[in-house]
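Read through the structures below before going on.
Note that subunit A is present in both complexes that follow, paired respectively with subunit B and with subunit C.
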Partner chain A sequence: MAFRALKEKYRSKVGEVVLGATKEQGGTRGYTITVGGESALPFLHFEGEIPNRPVVALEVRDVAPVDWHACFSRYYGDVFADPVAWAKKCVEEFAADLIVLRLEGADPDGKDASPEDCAKVVQNVLAAVECPLVVFGCGKPEKDNKVLPAVAEAAVGENLLIGVAEQENYKSLTAACMVHKHNIIAQSPIDINICKQLNILITEMNLPANRIVIDPTIAAVGYGLEYGYSIMERARNGALQGDSMLAMPMIGNVGYEVWRIKEANSSIEDFPGWGEQEPRGILWEATTAGALLQAGMNIVVMRHPKAAALVKENISELMQKTELEN
Partner chain B sequence: MFIIGERINGMFKDIAQAIRDGDPRPIQEWAIKQEAGGARYLDINTGPAAKDQVKTMRWLVEKTQEVSNLPLALDSTNYDAIEAGLEICKHPAMINSVPAEWPKMERVFTMALKYNAAVIGLAMNEQGIPKDADTRVALAMELVAAADSYGLPMEDLYIDPLVLPCNVGQDHGPEVMQTLRQVKLLADPSPRTVVGLSNISQGTKNRELINRIFAAMGVANGLDAAVADACDHELIEAIATARIIMNLDIYCDSYVEIYRKQQK
Partner chain C sequence: MGLTGLEIFKQLPKTNTGDCGFPTCLAFAMALSAGKTSLDKCPHVSEEAKEVLGAAAAPPIKLVKVGTGEYAVEMGEETELFRHDKRFYHPAAIAVLIKDTEDVAACVAAFNELEFERVGMHYVTDLVALQCASGDAAKFKAAAETVAANTNKPCLLICQDAAVMAAAATAVAAKKPLLYAATNENYEEMTALAQKLACPLAVKGNGLADLSELVEKITKLGHKELVLDSGNRETAQVVADLTQIRRLAVRKRFRPFGYPAMAFTTKEDSLAEITQAGVYLAKYAGLIVLHANKKAELLPLLSWRQNLFTDPQKPIQVEAKAVAIGDVTPDSPVYITTNFSLTYYIVESEVEASKVPAYILPVNTGGVSVLTAWAAGKLTGDSINKALKENELEVKVNHKTLVLPGYVAVLSGNTEEVSGWKVLIGPREASGISKFAKEKFAR
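Entry: the complex of A and B
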C-alpha cells in the first residue's frame, strides 16, 4: 500500500507584512520584502503554503562598536566609522537581504546624538542601499521616544520596520508608525501573554495587524534558547488555529545575542578543548539561527557574514520541497 | 466554543408579533445585538404560530441578512421551510436539526450537501430522548455513519446530546457530559458538539447562573457550540475563561474582549 502522509488541517495562517516601498509605492527602495504568510508549521510544505522564505539581515551601527570581538575587524574594520559604507558592504559583498540599523549613537550615556542627526544617518543609509531597512533605537525608552518619531518622519513613505515597542512604552512609536506609514516591532520579554496583549494594545491604536512584527526575545544556544523557542511554537500554533493577535511574522536578534556569550568570544588559549574562536563563533551563531528558523522565525538578524551565508544556504535547502511534498 | 445567537425565534413574544405585523425592526435589532455580543451564527426559528412556515422562514432570512453578515442556523422541523431559507442564504448555513431517524436524515443530509450547509444531529429517535449516555452515543454513531455515507465532512456535523432542565431531569446532567466526551471518539476527524444551552435552566429561578456554569462545564468536556443568548455578557465571560483554563486560547489580559472579537 502506498504511503499516505497524515496531514494537519489549519484554520488560519500567519499574516504577511511588506517591508520597504518602491518608487511606485511612494518610497525609494529597489525592491520590497514580504515576510510571513505561512499556512503550516515551518517548512512543512506538504501541509500548507510557505509563500515567503525567511530573510537574513545584517546588523549595522551608526557608531563604531566598542564591544565587538576583534575577529569582526577583518570584515567591517574599514567601514566601522561609516554606517553608509558599512550598509553598502553588507548588501554588495555579504549579500544581506536587508539591513538592520541600530542607532547606538543616540544613547545618552554614549555619543548622545540628537534625533535630527539620527534621522540624517537613516536618510543617508537609505540613499546608499536599495534594500528595505529595519531601524532600532538605542534601547533607552526615553531617548528612543524622541529619536524614533524623528526617524519615522524623515523616512516617510519608505515603509521601514522600526523597533521597539514594549508593553510599558508603545504609544509614541505606534503613533509615529501610524502617521508616517511604517511597520513596528512589538517586543515582549519571552512571554506569550504579554506578546499577545501588546499586539492587542497596538491594534487598538488602529495600527493594522499587518504592520506588526513580533520580537519574542530570543537567546543563544546554551543560554535559554528553548524558552524563546517554545514561545514561538505556541505563537505559531495559535496563529494557525485562528488567533489573529499572534499571527504576525517574527524577528530575532541572533547576532546580538550570540556575540555576547563566552562560547563565541573566548580564545582557544583560554579553552583549548573548544577549538578555534572564530569558526566556533560562526557556528554558534548559525546554529542558533537554524534552531529559531525551525520555530518560525521570519527575519534573522545576523552579525558575522560567514554565519549569515550559512543561514542563507540553510534556508534555501529548507525551502525546497521534498518528494513527499510535491 | 462559539455561540449560535438564539434570539430570533417566534417563541419570543416580540418576534412573534413582528412576524404577525410584517415588521422587520425587532428581528434586525436582535440580529445586530447578537452579532455585537459575540455570536458566530444567528439561529432563525419561525416559531409554531406562523401560518406559512416556508414564507415566514424566507422573510426572516431576508430581513436578517439585510443587517448582518453572520451565517445562519435555520431552526425548524419543517424541512421545506429550511430548504426555502437555504436557497437564499448568502453564507454556508447550518441546519437545525435532524434526529437519528429515516427518512429525515436522507432529506437533511442531501440538502446539506446541495447547499454546503452544516447539520445539527440530535441524539434521539422515534423513541424519544435517551436516558443514558450509551444510548445517546449509539444514536450519535448512527448520525455519524449516515453523514459519512452522504459525504458530509465530520467538521460540519454537530451532535446535540440533548439537554433536559436540571430541576426535572437532574440525572441527565452527567450523561450529557459523558456523551460530549465520547462523541469526540466516534470518528477522526471527530464530529463537533452543540447544545441548546437554555434548556438546562428551564423552569428554574437562577437561569443565567445555571446557563453559564453549564457552558463552562461543557467547554471542559469538549463542547464546540451552543445555541444561546450572545447578549448575556456574563455567559460570554464564563466561556472565554473556560477556554483559557482548558488551554484552548492563549491567555492575555484582554482575553474576554478578544474572545468576543474573534468570533467574527
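Entry: the complex of A and C
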C-alpha cells in the first residue's frame, strides 16, 4: 500500500477583508492589512492558498487600566495614561501589526467620556501611528451606539475595523460603517447559528460581506476555550464548503480573556503549585492564541508583548510553505 | 472504509446460535457494522472470516500502551479529525526530555513534581524521555535504571544505536518503555529487540512516503506496537505530516499510518517551545516530547490538553454539592450558581479572588448554564430550595440570605416564597463578584 497524500478539494474560500486605507485610497495609513483569503484549513499549504498570514494586534486603552496585573507596568507603565504614546510603543517597540483601541473611557459607570472626546482620541492615535486601527467601544450598547458612530464619522476614509455589532444591536453600527466606509466586527455568543444569522442581517442592510469580521467569542485556555475553538473550526469548514455567510475572517480577543483569569494573575505565593506568575500568564496567552490560530483565527488581539512576540514567531513558522511527496 | 452489515453477514456462519448475545447472525452483523460489539463475541466464526473482518473492524488507529500499571500511557484509537464531530479519546501524552549526561536522579525528581491541581482536576506530565547523549551503553543503561527506580511513570528511551539501546531497554523492559526509534538503518535489530522485550517501538521515517514503507517492513517482521514519527521538525511541516497521518488512517484506513503519531519540539526557549507544543497538541500528536520542565510552563499546556479532549456532546458537570471557599464561618455569604462546570469554576475563581470566604451552592441543572437552566425551568425556586435543604445550608450558616445570579433576578420572589430565604441580587457576570463581595460583605 503506497503512500498518497490526501488533499481536500474545497468548493470555496474565505473572503478577504482589507483594513486601513492609504493616502491614495482616501485615508492616512502608511499601509493596509489584508486578512482572510485562504482556500485551505489553517496552515495546510499543501492543499490550497493561504495568501495572508494571520496578524497580531496589541490592545491600547483610552484611559489607564486600573485592573491590569502589575507585570504590565514594566512594558506600558510609562504610557498607560497616554493612548497615543501607548499605541506608538506597541508598533515601534513591540512590533504590533495593528492596534486595537478599546474606548473604556466611554463607560457611563467610569469616566463617561463624550462621543466627541472618544472620537478625538481615535483621531490622535491615527495621527501617531501608520498602521490600520481596530476600535472597540466600552461594551455598553446604549453608550456605544452614540460613541461608535461619532468615531466612524471622525475617521471617515480610514477604513477602520469597528466593534461590536451583536444580534440585538447591530443597526446603528452597521449604518455608521456603511456611511463612513469602515469594516465591522460581528460578535456572536459562541453560537454558530447566531454568527451566521448576524452576518445575514448585516449584509441585508447592504454592508458587503467583505467588510465583516466574525468574533465568535472566545475564552481562555481552561475556561471553555474548546467551545470557541470548535465554533471557529466549524465556521472555517463551512466557509471552505461554500457557506458565504460564514466565510469571513475571524478575530479573537485573546489578551482580554486571558488576563481576567486567576491562572494568569495569581502569584506563586498564592498558588505554589502553579509556578511563577509572569511566564505562566505569558504562556496562557500564547497557548490560547496558538490553539485558536489552528482553528482559523485571522486577527489575534494580544496584551502581553512577550506573548505577542511568541505568537508572531509561531505564525511565521506556520506560514512556511510545506511540501508533501505526492 | 467500514463494511456494511450485509457485507459482514456474508462472512458469518449464518447459524443463528445466539451465542454472541444477539438473536440472529444478521442482528450481530448490523451491531458489528455500527461498532457496537466485537467479532470475538462469536465463537463460531472461521479463521478466514476473522482475517477479512478483523482488518475492516479494527479501529483506524491502533491502541498502543507504554508503561505498566496505574501510570501506563495509552495512545491511539482516535476516530475523528475534528472534536466537534465526536470526542478525541486519549489525551496527548507529554514526555519531558532528560539526557543521560545530566544528573538523572535530580531531573527525575523535578519531573515527578510536574503534577497540578486545577479546577478540581489533577493534571500530570506522562513520561520521561531519556536521551542517550553520552553514546555510552553502560551510562545509558544506568540512567534508564535510575529513571525506572525513581518514577512510576513510563519512559521513552531515545537512542538509535541498537546495541546501546539493547542494554538499557533490557534492564528496564519490565516497565515496558517505548523504544525510539527504528530507522531505515537499524530497523531489523530494533524490531527484533522490541519484539523480544515486548516493548512498543517508535518508527522514525524520512518523510511520510519513507515512513509508510518503513512501517510496512516492520509490521512484516511481526511487530505492531508502533508510534510514528515522520522525521520532519519544521513546525508547518510537522502540522502537515500529523494531519496526513491522521487523515489517511481515519478516512482511508491506510494501514501503515494506523498508529499514534509523535512530535518533538525544536525550540531552545521554553516559552517558544510550549507555544509550538500547543500546536502539535491541536493537530493530532499522540505524544509530544519537550524540554520544558517548569510548572509555570507546563500548566498552560496541560490545561489546553484538558480542554481539547473533553467530550463535546456532554456538558461537563461538577457535583451539585455546597463548596466552602476560604475559611468560612457561619456568617459567610451563600452564592447560588449551576453545576455546569464552566459556570461553576468561573464563579469559584471570582469568589476566591474576592477574598471573602463564602459557600457556593451549584444547583443541579443537568450541567447547563444559569440562563439556559432558567429558560428550561431547571433553575427555579424549587430547585434552589431543594439544593439548600440537601446541603443543609441552614445548619452551615446562621443567616438566611442567599446571593442569586443577576441574570435570574426574576426568580427572587418565587425563591423567597418557597425557601423562606432572603434573596440578594448578585451581579450578572461572575466578573462582578469581587466588587460585589467587597461592597456587601467585607467587614
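Note that in this section the second predicted complex is superposed on the first by the 320 of 326 C-alpha atoms of A that agree within 3 Å, B and C clash if a C-alpha of one lies under 4 Å from a C-alpha of the other, contacts with A are read in each partner's own complex, and residues count from 1 in each chain.
What we mean here is this: a residue touches a chain if its C-beta (ideal position, glycine included) is under 8 Å from a C-beta of that chain, and two chains touch if they have at least 3 such contacts.
Not measured: the values here are computed from a predicted model.
Enquirer: Let me test your reading of the model: by the given contact rule, A:Gly238 touches which partner, first (subunit B), second (subunit C), both or neither?
Expert: It touches subunit B, and subunit C stays clear.
Enquirer: Which chain, subunit B or subunit C, ends up touching more residues of subunit A in the combined arrangement?
Expert: The partner making contact with more of subunit A's residues is C.
Enquirer: Tell me which partner A:Leu246 touches in the superposition: subunit B (first), subunit C (second), both or neither.
Expert: first
Enquirer: Quick check for you: in the superposed arrangement, does A:Leu44 touch first (subunit B), second (subunit C), both or neither?
Expert: second
Enquirer: Contact-wise, after the overlay, does A:Thr287 reach subunit B, subunit C, both or neither (first, second, both, neither)?
Expert: Second partner only.
Enquirer: Does the superposition put A:Lys262 against subunit B (first), subunit C (second), both, or neither?
Expert: Touch status of A:Lys262: second partner only.
Enquirer: Once the shared chain is lined up, is A:Val221 touching subunit B (first), subunit C (second), both, or neither of them?
Expert: In the superposition, A:Val221 touches subunit C alone.
Enquirer: Which holds for A:Ile200: it touches subunit B only (first), subunit C only (second), both, or neither?
Expert: In the superposition, A:Ile200 touches subunit B alone.
Enquirer: By the touch definition above, which subunit A residues appear in both interfaces, subunit B in one complex and subunit C in the other?
Expert: Comparing the two interfaces on subunit A, one with subunit B and one with subunit C, the shared residues are 234.
Enquirer: Tell me, which parts of subunit A touch subunit B in their complex?
Expert: Those residues of subunit A that touch subunit B are 9, 192-194, 196-197, 200, 234-235, 238, 242-246.
Enquirer: In their complex, what parts of subunit B are in touch with subunit A?
Expert: Where subunit B meets subunit A, its residues are 189, 249-254, 257-258, 262.
Enquirer: Help me check something: in the complex, which residues belonging to subunit A touch subunit C?
Expert: 1-3, 5-6, 43-46, 221-226, 229-230, 233-234, 237, 260-263, 268, 273-277, 279-280, 282-284, 286-288, 290-291, 293-295, 306, 310-311, 313-314, 317-326
Enquirer: Which residues of subunit C touch subunit A once you look at their complex with the stated criterion?
Expert: Subunit C reaches subunit A through residues 82-84, 116-119, 207-209, 211-213, 216, 234-237, 239-240, 243-244, 247-248, 251-252, 254-256, 271-272, 274-276, 278-279, 281-283, 294-297, 299-301, 303-304, 306-308, 310, 312, 342, 345-346, 349, 352-353, 431.
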